[in-house]
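Shared between the two complexes below is chain A, which has chain B as its partner in the first and chain C in the second.
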Partner chain A sequence: MFKRLSPPEATNEAVVTFHFDEQTVTARLGDTVAAALLTSGISICRSTPVSNAPRAPYCMMGVCFECLVEVDGNPNVQACQVEVRDGMHVHTQQGARRLTS
Partner chain B sequence: MQQCDFAVIGGGLVGSAIAYGLASQGHQVSILDEGDVAYRASRGNFGLVWVQGKGQEIPRYSQWSMRSASKWSALSQELFELTGVATQHHNPGGVHLCYSEAELASREVDLDALSQATDRQFSFKMLNHSQLHDLIPEIGESVTGASWSSWDGHANPLYLLRALHAGIRCHGGRFLAVGKVKEIRRNGESYVIESNHQTITADRVILAAGLGNRELAPQVGLDAPLIPNRGEILVTERMRPLLNLPTTYLRQTGEGSILMGDSHEDVGFNDGTETPVLAQIAKRAVRALPALANTRVVRSWGALRVMTPDGYPLYQASESHPGAFIACCHSGVTLAAAHAKCLAPWFAGAEAPSEITPFTAERFHVQTSIPA
Partner chain C sequence: MITHDLVILGTGPAGMAAATTALEYGITPVVIDEQPAAGGQIYRALESTPVRDRRILGEDYWSGESLIKGLKDPQIDYRPATTVWQLTRQREIGLLHDDKAEMICARHIILATGAMERPMPIPGWTLPGVMTAGSGQILLKSAGAVPQAPVVLAGCGPLLLLLATQYLRAGVEIAAILDTTPRNRYRAALKHTPGALRNASTLLKGVGLLRELRRAGVRHIKGVSALRAEGSGQLERVLWKQQGDDNWQTLETPTLLLHQGVIPNTQITRAVDCHHEWDEQQLSWRPRLDEWLSTDIPGIAVAGDGGGIVGAKAAAMQGQLAGLGAALALDKLTLANSTERAQPIRKALARDTAIRPFLDVLYRPAKQWRLPDDDTLACRCEEVTGGEIRRMAEMGCRGPNQTKSFTRCGMGPCQGRMCGITVSELLADANQQSVEETGYYRLRPPFKPITLGQLAKAAEEG
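Take a look at the complex of A and B:
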């Protein structure tokens, strides 16, 4: 659904790979996790706490909290506020987070 | 010029509950709201429907709170059926946490006195740590125990306000954003209310403007010596249920966020926040529920309680200005059902509820003691 204005190979930015649930995803260094998911055709990043409805990144600027994901075991992370790193493990945020002390 | 039976000045929880009660009885009601420049205590509160510990000095306040708590479920249901807005009211009982044996013992003495003063209508139980742990598995080790009462519960105050506003409209009432009310004057049998944007005439006028009542009350022969008292609140991200009953300063909302609150600050009309106070609130919350140490706080705010010198409400009919009344308190959520179902009929001519007789402003005036 989304396309980069220029393909990754046309820039000098390094390519990074990370994991989203069971998938391996390729992105460009400097991408936010939200941008990387959208450009890879992944449009569901979480389900809502109240009705379990699917959600996707929306505002891309840290305001709407639609893009919550789990990053390296850390729940409720705003995917649009975190840059991708090589080998990162990103998971869908299913409903509200569980609290683990 | 707009004309109505009742003009309720103030569109917060107190004014809206009263206006809802009046409108649902068939009266023509207009709420006159100042707008978002007002202090808006009803947008900043915690959302407890709380009885335990209230009314230590004036037991009739405990009875008034119980009257409201016992009518809350029906009000919530009625509002839902009428407007489709759910207030998220739950009444699982509530706990007040204690951190030492001495604190537990003195809590028990206080609550027992209250229970006795209300002919045992108010009831409670003391819980030790393990009994509390059965109710709240996440409870911290340093919490010695708690007092528990079946009277307590909680609701979402923003949904309550929305439901009341919608309910008022369903019953033909009007919500008028008129700006600040400047003047209330008598004109024959009715009142003329001049505001920034409109002039309204009404047969009866009810002052429910929170701290704004201070300036309005003298215009109709009443007295409202109110003091702002700031409370700050923090709210966390949404989480799976971990706290299934409210405590005095921690509750989990229907959406899963945890509210932490309950500072009491004398800072005049400053409704901001201060980091040391917020830090203290967070520290106390983590002590109660250690698992909260890992959660994110997503918002915090301050709001001003509407306090009288003794903390109890003020309900009074003006003697010099027939048809003018005042209603203010800082428990607009707990008392919403009593305000809608018991106070509103009084304004419309029914007998005053027996619980409210102590709550006139005369109690703040200089008293002379008359030797027996």
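Take a look at the complex of A and C:
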């Protein structure tokens, strides 16, 4: 789990609010979805298609694809490569093997 | 389809230097990066980082400011937040920006897509809570985020020590550094000291990092010979053995950051099927490049860590060389002129990279850290173990494309980025053949996620 060196409120930075499954999450404007989740106490973003094992962001640079989530209805979005937007709906992804869907 | 003179992919030091060099010779390049801001890995989020105390990330980080300023020249068509999902041998490039796909074409392309961290397949490495050191650093630079509870760092290499000192300066508690550098390595590296001394400033920086950690009293456990991560559904503890001691030792922690060096990210050069070779010193694949850093495909060059690990400074120098190469290819410079201008760059490059043999030998990960044991996952996506790959070898599989069709290993969403090098090495080891002979996955586009809807839109407009 990760914490901020200084919370966005304390540094006058713009804040955005989005939805993750049933939760409402607050993040710093400019955060990736993965960073926003990891700093909000959310550590699991998908499960594997083979054994249903829980997975979380691993590389944060777009190579491991462990951070795949569903964003506003689109599956297979790399949470570490997408910036949060106000009102975004993010969902955990169960399974899903293909990149073209 | 619009054809541009020069398209540069990547805005790390290599891509940014290539862009400004090309501009000097009258070429106005298109520069693409999937990141929302320029900087690549080393200078990531330099303009927006919430970490304002410059001491924490260090002067090397902030030295990227001038390169980023150069990229902002209005004549450069810089397109951030744009992913390249396709590249053909005819130099057609598939772009995706804001849900909109587009195809463009280029007379000349410089790929400056950098490196990735070498996978470190230890038992438990897929547990949430186990991440890479690079990911820790990305969270620090771009979000000012650090581990909440005392963190364990494990593995080897300069980046691991750099992250430890950055954490230290930021006040992050480090439970331990578990150093997997084999003990005899220091002696083996010594014979490369004369080369390393040609780049004394880098060498001294490394020594400085170690001293900073020692002075602060960070627990630095050397000669770690075995490592595992455990927990139910989430990391709870890290266990390790030290050389010469048969007992497991334990630390409770929710965060383990792994690292054992970086390797070229060859996904794109593989996708266009450039000729690649196995670099035995760096234990990694790299595209074969000529003196202008061109691949064997006409009009496609590679600069920076994507063509073999050289480090950030040398990556920028290679960017300059590739920029000159582009000017030569696009008839903006004669061969004599570009050769003359390249000479001082080549000299500086040779001096800077003289330290590589020393670093490559010192931090060469031992076999046990590269080849997962029978019960450990090699392929994270499709959950294929080292043992399954070895069994496939026994049944006669010689290369990764065969094991792929039998086990799906390498067919998951990461398309083999995370398991490719491991499977090549596992099969080479099991079959007693060279990695070169064993080969690598054949890749198919797209190499980044794209939906059929986005593709259809591109086709209609293209």
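Side notes on the structure shown:
Keep in mind that, in the parts below, the second predicted complex is superposed on the first by the 95 of 101 C-alpha atoms of A that agree within 3 Å, B and C clash if a C-alpha of one lies under 4 Å from a C-alpha of the other, contacts with A are read in each partner's own complex, and residues count from 1 in each chain.
Following the convention adopted for this analysis, contacts are C-beta pairs under 8 Å (C-beta built on N, C-alpha and C of every residue); 3 or more make two chains touch, one makes a residue touch a chain.
Since the structure is predicted, the reported quantities are computational estimates derived from the model, not experimental observations.
By the touch criterion defined above, A:13 reaches chain C but does not reach chain B.
Once the two complexes are laid over each other on the shared chain, residue contacts for A:87 go to neither chain B nor chain C. When the shared chain is aligned, chain B and chain C each come close enough to touch A:76. In the superposed model, A:50 makes contact with both chain B and chain C. Chain A is touched at more residues by one of its partners, and among chain B and chain C that partner is C. Residues 50, 65, 76, 96-101 of chain A are contacted both by chain B in one complex and by chain C in the other.
Residues 1-6, 8, 11, 13, 28, 30-32, 35-36, 38-39, 43-44, 48, 50-51, 53-66, 68, 74, 76-78, 80-81, 83, 96-101 of chain A touch chain C in their complex.
Put simply, chain A touches chain B in their complex at residues 49-50, 65, 76, 95-101.
Partner chain A is touched in their complex by these residues of chain C: 34, 36, 41, 48, 50-51, 81, 83, 116-117, 126, 128-132, 134-135, 138-139, 142-149, 170-171, 233-234, 254-255, 265, 267, 380-383, 411-415, 417-418, 446, 448-452, 455. Residues of chain B touching chain A in their complex: 138, 237-240, 242, 254-256, 290-296, 298.
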